[in-house]
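The following blocks contain the structures, represented as C-alpha cells.
Two complexes, one shared chain (subunit A), two partners (subunit B, subunit C).
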Partner chain A sequence: MTLEADCPLKMYEEHHDLADYQSGVPRWCSGCGDNAILTAMQRLCRDHNLRPEKTAFISGIGCSSRLPHYMRAYGFHSIHGRALPVAEGVKMARPDLDVFVVTGDGDCCSIGSAHWIHALRYNMNLTVVLHDNHVYGLTKKQASPTSPRGLKSNTTPRGAYLEALNPLTVTLGVQNVSFVAQAVDWIPETLYDILDAAFRHRGLSFVRVIQRCSEFLPKLFDPWLRDPQKVQLLTHEGALKPSAGLAAVYKNQLDHDPADMNRAREIASLEDPIPVGILYRNPDVPCYEDLRLSDKVRNAETIRAGLEAEFDRFTVWPGGKRTQRGRAQGGNADDANGSDG
Partner chain B sequence: MQTMRMEATVDVQAVDPPVFYATGKQPAGAAPARLWPAALAPYRDLANLRFDFPLILTSGKAGAPVISLSDAVNAVLQEIAPPGRDGETLRRTVLRIERAVRKRAAGGAKGTLSEMWAAAAANLEEAARSEAQKAWAALGLDGTVLDCHQGTAAILMAHLWSAAQNEKARQFLATAAKLSAALSGILRADYLRSAEGRSPQSLQAAMGGALQSLFDFSEMSALLPKATARDALPESRRRRLAWALAVLEQQRFFAVPGKAHAPANEPYGFRFDNCGEALAAYRARLPELTELVKAMAVAELEIDGAYNEGRHDAYFSGFDAGSLRAEDRARFPDYLLVLGDESEPFDNTGVLAVLSSGIPLKIVLNVGDLATGDDPAALGVRSTDIATLAAALGNVFVLQSAGSNLYALHERLSRGLAFAGPALFSVYAPPATAHLPAYLAAAAAMQSRAFPAFTYDPGAGSDLASRFSLENNPQPEADWTTSVLEYADGDLQRVRQEVAFTFVDFLACDPRQLHHFAVAPAGYDRLAPAAEAIGVPSRSAVPFVAVSDADNRLARLIADERAVDAARRCLEKWHRLQELGGVHNSHAERLLERERKAWEERAPQASAAEAAPPSAPVAVAEAPVTEAPAEVERAPGDAFIETPRCSSCNECTQINSRMFAYNGDKQAYIADVKAGSFAQLVEAAENCQIGIIHPGKPVNLAESGLEALIERAGPFQ
Partner chain C sequence: MNDMTILKPQGGAKGPGRQAVKLAEAIIEIVSDSGEGAQRCGQSLGSIAAKMGNGVWTVEIIPAEIQPPARSVAGASGNRVRIGSRPVSNGGDEADLVVAFNEQVLLGRVNAGELKPGCIILLESMWRDDSDAAVARSYVGTYERLVKAGYRVHEIPMERECLRLVADARRGKNMFALGMLCSIYSLDRQLAREQIAIAFAKKDAKVVKTNTDLFEAGWTWAADNLEFRFAIPAVKAKEPQLVINGNTALALGVLASGMEICAMYPITPATSVSHYLSEVFERVGGVIHQAEDEIAACTFAIGASYAGKCAVTVTSGPGFSLKQEAIGLAVMAEIPLVVINVQRGGPSTGQPTKGEQGDLLTAIYGSHGDAPKVVLAPSTIEDCFYSVITARRIAELFNMVVVVLSDANLATGQQPFLRPQFSADWLAAPVDQSALPKDAKPYDWDAVTGLARRFVPGQPGGMHTLTGLAHDRDSHVAYDPKSNEDGLRSRSLKLAALQKTLKLPKLFGEESGDLLVIGWGSTRGAIEEGVERLRAEGHKVSSLQLQFLQPMASGLKEVMQRFRKVMTVECNWSDNPADQLINEDNRRYSALATMLRARYLVDVDCWTEVRGRPIKPGVVAEALRARLRALT
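What follows is the complex of A and B.
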C-alpha cells in the first residue's frame, strides 16, 4: 500500500483555514508592508492546504525576519544573513518539507550576499522572499545596499554615496538561476499570484517584494502608490493573468515570456515603472538535492560504519603503521559514508 | 537457395490415389520417408542462416534481459565497423564468430556467450583474433546462450521472471529499508530523551571505550533535562512503531542480501511445478502478506506524522486480505509454474481453476507435442483450447506462441509477467526430429495455423480490440500462409509458383503422421493443392502437398481424407481467432453490409440534397467572458473599502477594530459603519497608504465638526 493521492487513507486529510496558520500578533508597525506579505503567505498555505508540521519558515535577522514567529508552522529565526544555508540544510535533510526563506535587503544583500549567490546556483527547491524595504528597519534606519542614492540615514547622514544594488539583475546573472519575480506589497492580488507561482516552481524561486517601511521611509513609494501607471504588470499566458478588476486599475501591462532570459534582464534593469510579475522561469534547471539524491539508507549503523572508516584513515597505530584500508580508500568521504567501509 | 528439381517419381510403391484418399490405407512400403515440406526447403541449412536464435539471457542489471545473438552482433557492428570496405574484414570476422556460436548452440553445447565467443575466436587466424577481441569488448554483455529446443520456453520464461522478481525485490527492499530506518529513528529519538536514555549507564555506553573514564556520567545525566511525559511517545504509538518494525524485519517474501536467516525463517520460494502446491503456498502466506502490507501502510503514516488513532485504528483493525489492492499484491513476488514437461503433464481444468482464482500466478505451459495419439483429428485441440479458454476468463493475461517466435514476442512476455494478475503463456516447443530442427518444427506449427500466436492483455485497455492481438502471425488476414516456390521443371526451366502452407503440410512434417500420406504415382494428374481441397471438398481431384526429398527433388504427397478433415477443423479455429483479433469479424462485416445498403438506398436523395445551396453556418455569438469584480450592493454615499486591494497593513483596524475588520483572506472591509465616528472613518482613509478607503457620507448627522470632516473626506470619495 502506498499512500498516494488515491489512497483511501488520505481521504482523512485535514483542511485548514487562514487562522490555522496565524500565530501571535505581529509586532510590526501598522502600515508596514510585511503585514501584506504575511497575509499572502498565510493564504498560500491555506490554499495549498500545507500541513503546518510539514512546513518550515527560515529567516535571518531583521524586522522582516520575524515572520516565522507569526506563522503557525515550523520556524527557524536564525542568524543574520544565514537564512539560506540553514534552509538548504533543512531541505537536504528533510526533502519532504516545504521550506520558505524570509529575508530582508540587509539580511540577504548585505551580510548574506555570498550565501545568496551560491543558493541561487545550488537551485534547491526553496521559496525565497526578499522583503526589500530599502533600509535596515530593525536597527533603526541604517542604509542598506538597496537604499536609493542620497538617502539620509543614521549611517549615511550626508546621504548614501552609492547607487543602489538591484537584486533582480544580480540574481539573473547567477548560473542556474531558475525563477525570479518581483512583487509590490500594495497589490495583494499579484503578490499572492506571484508567491503561488514561486511555490509551484520546482527549484529556488526568488521573489523580491518591494515593501513599504511606514516608520523610516513612509513616503518613499508614494508616487507609485498614487499612480498605477508607474507599475508595469508583466503578463503572459501561463504566467501572470491579472483579474479584470485589477487590470482596470493597472493598465500599464507588458506581455513578457518568462522563458526569455535576455528580455528578463532588460526588464530587471527598469526602475520606473516598477516591473511586477514573473521575470524569469526555467523549470528544467536541476535541483541540487536531486543531483545528490542517494538511495543509501542512513541509519545508526551505516553512519557509524562511515565514521569508523573515515577515522581509520587517520588512525596512527602503535608501532607506526597505518592501516592498509585507510590508504587504499583515498579521500572520498562521501563514499565512505553509508557504505560498509 | 538451392534449386529443387521436379522429379516424376520418388522411389516408392504406387498407390491408387482416390482409394487412398478415402481409406487412408497404404500398400506396405508405400509410406514416404524423410521428406521436407517444399515450403521449408530454403531453411534446411539452418545453422548457416541468421535468425532469432540462439538467444542470450543477459545477466547484467542494465538493458533488456534477453537479446538475440544476431541483434547483439548487429549492434556491435554498427558501433565499431566503419561502413563500406573499411569495415568489411571486421564484419566478416564477427559474422564468422556468430556462425560458429550458432553452430555450437545448435549442436547442443551449453555455456555462456563469453565461453563460446572465446572458443570460436580461438579457431580464428592470428590477425582476426584481435578483431574478435575488440568486438567482444564493445559487445558489453554476457549471459547464457539459449538455442531453440524443447526446453526453451521454460528456461526463457524463468529467466525473464527472475529478472522481473529481482526488480521487485530491489524496489521493495529499498522501501523497506527506508521505512525501517525511519521507524527505528523515531524509536531511538524517543529512547534518547527518556529517563533511561539519559541515565549515566546509557551515556557511558554511548562514549567510546578509552574515554569513558574521563567523564562523570552521573553529573552529565543530572544536567540533561529529562523529557516530560508530554514529549515522550505515547505508549500506543511506541507499540505500533515497534510492531511495524518487527513485521518489516521478519518478512520472508524477499531475501535480504547478506542477512543470515534461521532455518525456520528462510525466505519463501516462488517457483512451483504443480498448481495445487502453488495455490496452497499462496493461501498459506496470504495472512503474512496482509500483515506486511498493513505494517508498511502504518509505517508510512507514522513516518509522515499522519497516523491518527481516532481514524486509523478502526481502519487497520479491520484490515484483512480483502483490503489488499491490486497494487499492493503487485509489489510482491509472482508465483511461477512451469507445466507440461514430459515429467509433469498438466490438466486443463486444474490450470483454468487456478487462473480464475485471480492470484498472481504466471503459468508457462510447455507444449511439446500437439498430437494425442496418432489421430490427426485430436491434433492441437487440448493445447490450443486452453489458451482460448483462459482468454475468455477475462482478467488473465494470455499469450500463445510457438517457441520459434518467442524472441519476437519477448516484450509481450515481459508485459505478461508484469501484469498484476494471473498470466498464462502457452508455448509450443517441440523436440527436434530426424526430419526437422526444433526451431523449424515450431515455426511450421505457427506457419500452418496449427498453433497460431495471439495475446490477450487485460492491461492494454478495456475492450477486446485493445486487448486481443494476432500480431506476429504471418499473413494474419489469410486462411493459409503462402510463399513462392522456385524450382526447375523436367526441362530444367525455372518455375515460380505460389504455394500455401496448410495444416496438411504441417502434418507431413511429423514422421508419426506419415501414414496419412502416400507418394503420388507418376503421371497422375487429377490432383489439387491441399489448400483448395480443404476449402471446397471435391471427389474429382485428390489433395496433395509439395515435398522435397534428401536430394532436393520435389515430389507430391497425396493426403487422406482424415488429414484434410483435421485441416478444416484447424481452419475453423483460426477463423474464430481471426474474429477475436478483428480480422473478418462477422459482426463488423454484417454491420458494414447493413450500412452500405442503407447508404445505397439513401444515395439518390443525398445527391439531390447536395445540389441545394448549403445553409449558412449559424454563428453562435458567445458572450464575452469577463471577470467583473464582485460588487457588493451599496447605496450611493455608503462608506466602502476596495477590499481586494487591501494590503492588510492594520492601519484602519487599529483605529477601530469594530468598524474595520478583516475578511477570510485577511483583507479589510467596513464591518459596521455605526461602530465608530465619521472622524475615524476619515482618519482611516487618510492613513490608508493605498487610498482604498472611501468614507462616503456621515451616518450620524449630530457628530461634531462634520463640515470640516466632509471636506477632508473629499479626496477619498
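What follows is the complex of A and C.
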C-alpha cells in the first residue's frame, strides 16, 4: 500500500479495501478480458488508497465502456467516441480529481479518433485505458480499425479488407505524447504494473490493453497464449520489472529505456512478438491544464472587478467624463490601418 | 462636452450657406474593398455618435470571402450606421448617404436596393483618371448612370488628399472619410479624436498621429468643399451607457454569469465572442478552450459542468448541428449546460456572415428522442448580456440545457444601453462538496417538478455513474417500462416547473386590436418600428417579442384572442401562399408560427423574409399593411 506519508492529514485517512471500489456485478461475457482490467483497476485504487468520491471514471459506449458502472467511484458513461473530451472538461474544471478514461477500439480509434489525437496533444493528467479487442463487441461483431486484415466479421464476411491500424505507432507519432504502454489482459501482473506506472505518470498516459473478446473472437489470441515467446516483455530499471515467477515464463525480454522515442517507435511496429511494457515515457511534457488554469483567486470580488474594468472600456459617461482606456471590440471585420496608419 | 444642438459649423467654414439642417435621423453607409478599413470607419462613427448621446445601430457589411477581388460588386465591405435623436433599434430602411471608395462596391449596394432615391453619394474620384482605360470607362459610365438616376453624386479626390499625408492612401483613407462624415453630421471633433486614439490603442503613437491628421484633413476638406451639413440633435443619457455589439455583450454575459469554462470551435459569426473572451476571460480566472471540433467543445463543456462548474459552449449553425448528440447526453444525464448559437444563414454552410432565424425548431426539438431543453432569444444588445446570466441560472437550477439564440444581426449590431449594475446573484454558487446522506439517490425525481438534486464528484456518499442510457433513480441502466417513463416524465416536467415562473413580456401597443405581430430575437427593432408607423397611420396593430420560446409563458393565448388576426414576422423560410403549388395542405409556416399554431390552436399567419440582410422596418410595415387590407 502506498500512503502519501508526507502529508500528515492523510495519515488519518480511512483505508479502503477492494470491496470499497466494487459496485454491482459485471455483465460482461465470461472469459471477457474486460474483467481482468476491472480487477487491476480496483486493485490500483485500493493500493493508492484513492478516495472514491475524488475519483472519476469516464467512458464512451461499448462493452468496455460499461466499466465505470462496476467501480464504486464517480462515473460518467457518456456517448460513443467522446469519453476523452468529457474527461478533459472534468479535469479542467476539477484538477483535484483523479480521472480515468475507459474506451474501446471503436470508441477511441474510429468514431473518437480526432479526440484521441488531440487528447495526446493536450496531455492532460488523465489515465487512458484502451480496451482493444480488435472488434466491435457491443454491436455484435463488426470489423474495427484494429481488426487484423482478413478477419471475418458481420460487416466483412469475406474478411477485413484493410491492414489494421496500430494504436501504438499512431500515439507515438503525435506531438506532446508523454506516456505509451501496452499490456495484455492475460498477464495480470504486468497489466497491474503498467496501470500503476500510468497512474503515477503526470500527463496523459495511454495504455493499450490487448483484450480478448471471448464471445466473438475466442481464438484470435490463442497463438500468443500458447507460446510465451510471442510476447516480448519490455523491462528497464525504473520502468517494468517482472517478478521471478513471471520472468521464468516470459523469457523473451528486452531492455528498453522508455525515454528513447526512436527505439519506442521501432518496438511499437513489432507484430510478432508483441511488445508488452512501457514504450515511451516523458515526464517533462507540460499538461494543458497547468498551462491554462491560473492560480488567481476567483471570487465574487475578482469577477466584479474584472467585469467593471471591461464595462469601463465601453462606457459612455454622462456629463463629459470619458472612458480612460478603451479599444475597438472584435467584429468579424477586417481592417486596414495596419502599419503606417 | 459640446452641446450638440449647437448647429454652427466648427470646421473651416468657408463654404456657402453652411447652416446645418436638423435631422431626426440619418442612415449612413461606408463601403470599400475589403482591407481598406471602411468597417473601422463605420464603427468609429457609430461610437462617436453613441458617446454624444445619439441613438445608434450599426450593421456590418461583410463580403463572404476574406479577400474578394478588388473593385468587385460582391466585395463591398463596410458598415451601415443609423444615427438618431432617439434610441435606434435596427438598421432602418434605405441609406441617406453613402461613402464609397470605388464605384463597383457602390454598385453592390445600389443593386441590393439599399439606397434611398436621391441618396447623397461621396465617391472616390481617382478612378476617372485610371491608367487602365477599362476602369476609367466603368467609373465614368457608372457615375453618369447614377447621376441620371437622381442620386446626388459628389466626386471626391480622397486618394489625392490622403497622399499629402501618407505614402499608401489605401491605409488611412478610412480616417479621411471619418473626418468628412463627422464634419457633415456635426459630430464632436474632440470626441472623434479620442475615438481614433481608442481605435488604434494597440498601435504606436505615430500611427495615432497619422490617423488623426487624416481625420482632420477629411474634416477640413468637407467643411471647405461640401455645401450640405446636418445635425442630429442628441439627448445625452443621465446614466452611464455601454456601447457594445451583441457578441461582446454575450461574452460579457459569460463573464458576469460566473461561468468559468467556455469551450468552442471557431465559426462565423460566433467567433468574435470567443476572440473577446480569449482576451479578457483569463483575467478573472476563466478558461476558454478551443477544442478540435464542436463535438469536443460541447462534450468538454459537459464534462466541466458535470464536475460542478456550469460551462458554456458558443457556436453557430453547422456547429450547432454537430453538437446535437452531446446536447442529448446533457439532457438525459441532466447536466446543466449553456449553448449559445449565433445563428447564420443555413442549411449547410449557408451564408456564414448573414443573419437568419432558422434554428429555432432545431434548438427546441434537436437531438433524437424526446430531449426537452430551454430556449431563449435575446432581442436587443442589452438582452444578449442578461440572457447569458439568466441561462446559466436556469441551467443550474433545473439541471437543464439552455440554448441562447442570437444571430448575426445582433452579433455585429452596436447599440448603447444602460451600464449594468453588478450583482453577486449573477454568479454560480461554489461547487457543492458536502457529504450526502446514506440513502441519497442521484435521480430522486420530485413527483411534481421532476427536479432532482445533482451529485457532484467530490461529494462523499454520492458516488454513482451517470449515463446517457435510460436509467432509474439510482442511475443504474434500466430498460424497464416504468423507469423509462419516470425519466421521460421528470425531464419533461422540469420545463413545466420553469414555465410556472415565466411572465409574458409586455405588448408593444394596445392590449387589443386588429392585428397582433409576434416575433422573437433580433427582429424586434424592425417589427416595433413597423408597428409604430402603422399605428401612426391609425391602424390597430400591436406586437409582442417573445423571449422564452421553450417553454412559453402563460397568457399568450388570451392575448392572441384579443386581436382579429395574429401573425409572426420572422427571418426564416415560410412558403408564400401566392406560389402556384402552395395551399393550406402543404404551406410550410415559419418556425414560431408553427409552434404557436400547434400549441394554441390559433390560426397564426406568418410573413418572413430570408434575404441575408436584416429585415427593414419599412418592409415589415408594408407586409403588415397587406395583411390589414386582406382583413377588411
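Details
In the analysis below, the second predicted complex is superposed on the first by the 285 of 341 C-alpha atoms of A that agree within 3 Å, B and C clash if a C-alpha of one lies under 4 Å from a C-alpha of the other, contacts with A are read in each partner's own complex, and residues count from 1 in each chain.
Throughout what follows, contacts are C-beta pairs under 8 Å (C-beta built on N, C-alpha and C of every residue); 3 or more make two chains touch, one makes a residue touch a chain.
Remember, it's a predicted structure, so these values are computed and weren't measured experimentally.
In the superposition on chain A, A:53 makes contact with both subunit B and subunit C.
Touched residues of subunit A, counted separately for subunit B and subunit C, are more numerous for C.
In the superposition on chain A, A:85 makes contact with subunit C only, not with subunit B.
In the superposition on chain A, contact is made by A:114 with subunit C only, not with subunit B. Judged by the touch definition given at the top, the superposed model places A:297 against both subunit B and subunit C.
In the superposition on chain A, A:316 makes contact with subunit C only, while subunit B stays out of contact range.
Of the two partner chains, subunit B is the only one that A:17 touches; subunit C does not reach it.
After overlaying the two complexes on the shared chain, residue contacts for A:244 are found with subunit B alone; subunit C is out of touch. In the superposition on chain A, the residues of subunit A touched by subunit B in one structure and by subunit C in the other are 53-54, 96, 297-298, 300. The part of subunit A that touches subunit C in the complex is made up of residues 23-24, 52-54, 56-58, 61, 68-69, 71-79, 82, 84-94, 96-97, 114-115, 117-118, 292-294, 296-298, 300, 302-311, 314-320, 322-323, 325-341. By the touch rule above, subunit A contacts subunit B in their complex via residues 1-3, 9, 12, 17-18, 26, 30-33, 35-36, 38-39, 42-43, 51, 53-54, 96, 185-189, 212, 214, 222, 225-226, 243-246, 248-249, 295, 297-300.
Chain contact summary for the complex, subunit B toward subunit A: residues 174, 177-178, 180-181, 184-185, 188, 293-294, 296-297, 300-301, 304-306, 308, 311-312, 315, 325, 327-328, 626-629, 644-651, 654, 664-667, 687, 689-691.
Subunit C makes touch with subunit A in their complex at residues 1, 34-37, 39-40, 43-44, 50-51, 53, 60, 62, 66, 77, 79, 166-168, 170-175, 191, 194, 198-203, 206-211, 214, 236-245, 247-248, 252, 255-256, 258, 260-261, 263, 268-269, 271-272, 275-276, 280, 282-285, 287, 289, 291-293, 295-297, 299-309, 311, 325-326, 329, 333, 353, 411-412, 416, 419-420, 422, 424, 427, 431, 457-469, 476-477.
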